[in-house]
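In the part that follows, the structures are each spelled out as structure tokens.
Okay, so chain A shows up in both of these, paired with chain B first and chain C after.
Our next item is the complex of A and B:
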């Protein structure tokens, strides 16, 4: 199992790695995952003792047999995860990723059906339109927050509903887009579908490549540019950033624009994915349900510690577990039980921060103790000190 | 053998890259006021945190009444009767005074609060010691001085007999300082033992019985106050002689740098204007000080001047340009620097590294970025330069998270950043708050150096000594108005005090108009 290997590797270099800051978030995420898996196993044993182990093996390992699908399903939640995580870094909680995702999907659909563009430009324009739709739906809560000081959580929750109902209404009102007899959208033309990566039996496409690239770009923007410096400063302390002459209101709006655009791209990537069956495509069913991708994005971002690179891995992990979960039905597990187990795993994963202080501390203490035993009593217990300073306790005065 | 209530013997406490306490011994007698003196970063707070159970010492032991005790957390300390008033208060803002006092030791029957009993005890205590508070007011609505009284009442409510005051006077007005010192004396007379952390020598000379001096984590010894002098204490603390008066050469004042005309600023808390029709000029080569008791409109005035808040009416000109409505960035580019009053709220991004904080207003300049990408090497180099020049002490240099630095060093970082911008106008609000004498001397020298370079300095201060020593001209602000202009060479502290308390006022308007 991938996670196990990483743990072993970490133990190996523990002394050096415990000093790094990234270590605590990585260990906590890994431990959270392990705990989640363990708890999931327990749930499965209660549900169906006979085939619990077989089902569990499917959940953990099944994804490896369907790598293509893992990446395919990771794409939209990676984008919503990046959206939530990015906003969070700037101190905003973007719970409206679902609405932005749905809006993005609609804009992409609209370009797909209503525009006739040559060759590759069609899907590219559709993807960009999706981004635009998401940005629009992110802009409004951002504007309200910046100029009217309305909490972005409230507005973006409301915009989840407004977006979803609007899209459902628009889709159902268009005879080009909607097939009333099948209560779903029509098949999109082939040229608007994102080119497949060509893995057999899977819909995986260039969407995931773009999504990962976007994640890396986000990382660079946040960590290496003046723009990112400014945004993070605004997130950490809006008073100090204002004092330093940064434009807090503008930054809030830009942040929500970008977050919305990311989620909108997620929607576009999802709906424009190629279908394995010739002549068909992905479809959208206007059945008045808020897209779960937005909420999965919150879990993905939490597990990835809101870090763009961490989010890439956490989205792939969650997708991996979900793919494995569908396979567990082969040994007789009902889909609902699988959903419960997956939820438990994600739920535990979201506890990463708490787990970090509890277990991370224990591990560091253990290493620290060993060091004391090794060396004479007069040496400084560096590891536990690192832990102290990690906890932001005021330093030496 | 003497009767020691607390003995801290050979305490050693290390942090990565720094030995905060190196073999320190401190003995507290029953019923005495024992001062703990040292520069910023000398290890005073660390030592007290060890006593209060926030840190564990690697070596050494703590004894109470001769018995060795182990203090693992603040609860242990509390059980031993040790209470502490922290420099930054630890109060729940949205709770009332009473709720804060009983927090953690709530009297109850079967889970139901017995507030009435608690209220009586609090009222009794507050009357007995003259600690005036209203038990039902919310913490967020009361002044800093009152919040401190709440912290003291918290200790008394818990029947603590060993009271630690961590720089209690740093945030208080002169009147409040007098009160708190008297309260400490009353406590000592009653047999309570007091540890008083400070770097204000005057206060030590006034109330303390003995004083232990720390320097760079080492104990420089304990002295009896009646056998020592301010000069000796400061020499022990910094290892060299400190000049208490600020040396200033005559400088010819230049052109008007800042011109404020009929400035009025609305108040956020009440209907009246916080700043009323204020007019004055600051010229290059002078230090103009705005003196006044806290809460008389200085904060609002500075916020309006620096662009943090809007102006109701009036005009501000900086170097000839009308900046009344300019952005903060524009003011900064024109040459305004601002050392803010609240260093945690405005001065620093606490979760950023020290290096990142030192370029907080300059990250966008050519020196530090290239086509939008931060030049990390340049930032680091610049940070190291400032750290070196301004003696900013931290455990990991430019990579230290600002939050983990001591208050004094945080302040030094801000001062370094603002002065190194080489501003035309330096607005310094309480620039030496929380600094030790060595650092104060340094900051004062820097302010004077700006003046000597022909630049303007606007100093806003509550410290009378600072006002009298550093400034070339004093304006006194009372209830949002300028009520007097004084020449520090002629005026006395008493006279200044009369203006500050509103007992005396001139018609200053003519003076200002004359200057224009």
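Our next item is the complex of A and C:
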């Protein structure tokens, strides 16, 4: 009898856990990741059947051998991920993280070359300048959205291009920065470099520490402060929040300012990192291509369900399989396989929530049927009602 | 006068992909689905059509036949790729912008992967020449002949046929009217017996067909028949979205909007050939920014009274009827 009770208790716990929001977004992320990896494996089998399994093992496990690099490459995409995720929580799709990232990079570069500041203050000022640059480029879509009713997606895409051309032009136009024979800028002076964390054979630096701290601060601001609540309320329902006395236009612009600043910080962290491999940082190459970090940031944010803490983990995961992807080239695969995997993961994560709810429903039915004997028919009906209202709430979000 | 001829001859092959893709975006959006995946659809169509050209280029077929066959392949490829969007956005009610973004990210990676592994390059290079130096009789017409029938591509004329087809579908068919109803008020459309799911699938499929063909025409008219994973279609899918908004979701306005953008872009890339502009000594990057800046300026002035489909971007939920 006691045993029986225990089982029932467990079931109740299970239900409580499976019902929680965090669990459902975690399972949906996991389902999406599994499907993405599976798709990657299938592509690899078609491309090169002999070494597919070896390559796949590299992708999944390879990153563990290079933890330092995983964190190093996670830094910029964590920042752009936070940027996209933050805006998404407020109901704005910041596809312009690339442009803001590039702008931040340029501002940091400019301070690095043009200002002469003592000691540690140099890199701190450069990082802050990067944030300012990003904010500037985030402000524009926010302004267009708030006052001119232009969809922020279009504005940010256009300003990705404008920013990229502007930065390339400014860099090429400056004789202090640009070395025409190398088609790239000079290396930044070493005092503007972000201090390394000192892990051997890796460039990982204090940037990742700052980035994670910013992620946690963002979580606190969003979830625990009136300010964050106001921003989210504006995102849920513009009209209701305005009726409640919140300033919708102001909030839209503030959101984009913050999102831009985050992406700009990502650019600064990337360019000011110590460079182990020549040209990986501390120098900029104007090649008229939109920075991929912004688009990877979208992937990171979506996989992390736009939640700041989730974004921290997803950026590390994506950086992990990216490192694995570079290792997979040892057995003849190209690193682009990772981009395929990532985009498939995002495709599925867009509706994995629905899949996982359906999956949860099946499990619940299964569990429910076992104890259907006495009076639980009534309960099940109630359950499905609860589930429905849950879905409705989710839809509204 | 030679400059004018030059600009027109170079502008039209650039305008046509924009026109087709923007029309595709229009069909998707008037049905209520935001199609941000146009860039990916274009590239997918372009990739398969170019692959086809690559395999048949040595068979001795005439270039224009290959062009037409490639167009069919591109249309089919675009249609298939757009089904991925329809499935996620209509059937699974997923976020349309996220789905579109993932589809945009997927295809350049696939192209790079395939071409690096099998062609040892970043894309597929063909050596088929689709260029038409002069049309037989028509090219001899004074002025007009030189403007429209010399140094051009067949794509220009095919695209104009598609424009007419789009206008007919949009204004003159039951289907067009019903599709628009699904984008404005799907609940009302459903209540009079229109199958919203089916209509939206058809809308995005049309946009897939137009987008795929547009992508191939971009490769033919702008890239000399090549496709490349790094540059892709250079943001033409996104520009087409802007063209569509500028054209206020109406086919004829979209046509003029695409000409406007193509003109600015052609101007940007031919500054060095136009003595007047060259002598001004403005940095060429400013001209390259022009199409994007112009988009923003135009949108800033027109968006206040924007006539976007009302139910755009909202998954259809029967329960809200």
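Following the convention adopted for this analysis, the second predicted complex is superposed on the first by the 315 of 397 C-alpha atoms of A that agree within 3 Å, B and C clash if a C-alpha of one lies under 4 Å from a C-alpha of the other, contacts with A are read in each partner's own complex, and residues count from 1 in each chain.
Simple rule for what comes next: a residue touches a chain if its C-beta (ideal position, glycine included) is under 8 Å from a C-beta of that chain, and two chains touch if they have at least 3 such contacts.
Everything numeric in this text was worked out from a predicted model, so none of it was measured.
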item: Partner chain(s) touched by A:225 [first = chain B, second = chain C, both, neither]; value: first
item: More chain A residues in contact [chain B versus chain C]; value: C
item: Touching partner for A:50 - first (chain B), second (chain C), both, neither; value: neither
item: Touching partner for A:239 - first (chain B), second (chain C), both, neither; value: first
item: Which superposed partner A:157 touches (first chain B, second chain C, both, neither); value: second
item: Which superposed partner A:285 touches (first chain B, second chain C, both, neither); value: neither
item: Chain A positions touched by chain B in one structure and by chain C in the second; value: 395
item: For the chain C and chain A complex, residues of the former touching the latter; value: 36, 84, 88, 92-95, 97-99, 101-103, 105-106, 108-110, 112-113, 116-117, 229-231, 235, 238, 241-242, 245, 283, 285-286, 288-289, 292-293, 295-296, 299-300, 303-304, 306, 317
item: Residues on chain A engaged by chain C in the complex (per definition of touch); value: 43, 47-48, 93, 95, 144, 148-151, 153-155, 157-159, 161-162, 165-166, 168-169, 173, 289-290, 295, 298-299, 302, 332-334, 336-340, 342-344, 346-347, 349-351, 354, 395
item: Residue ranges of chain A in contact with chain B within the complex; value: 224-227, 229-230, 232-233, 236-237, 239-247, 380-382, 385-386, 388-389, 392-397
item: Touch list for chain B against partner chain A, complex; value: 14-16, 18, 20, 40-46, 49, 54-55, 58, 217, 306, 308, 327-329, 331-332, 338, 340, 345-352, 356, 360-361, 363-364, 368-369, 372-374, 394-395, 400-401, 403-408
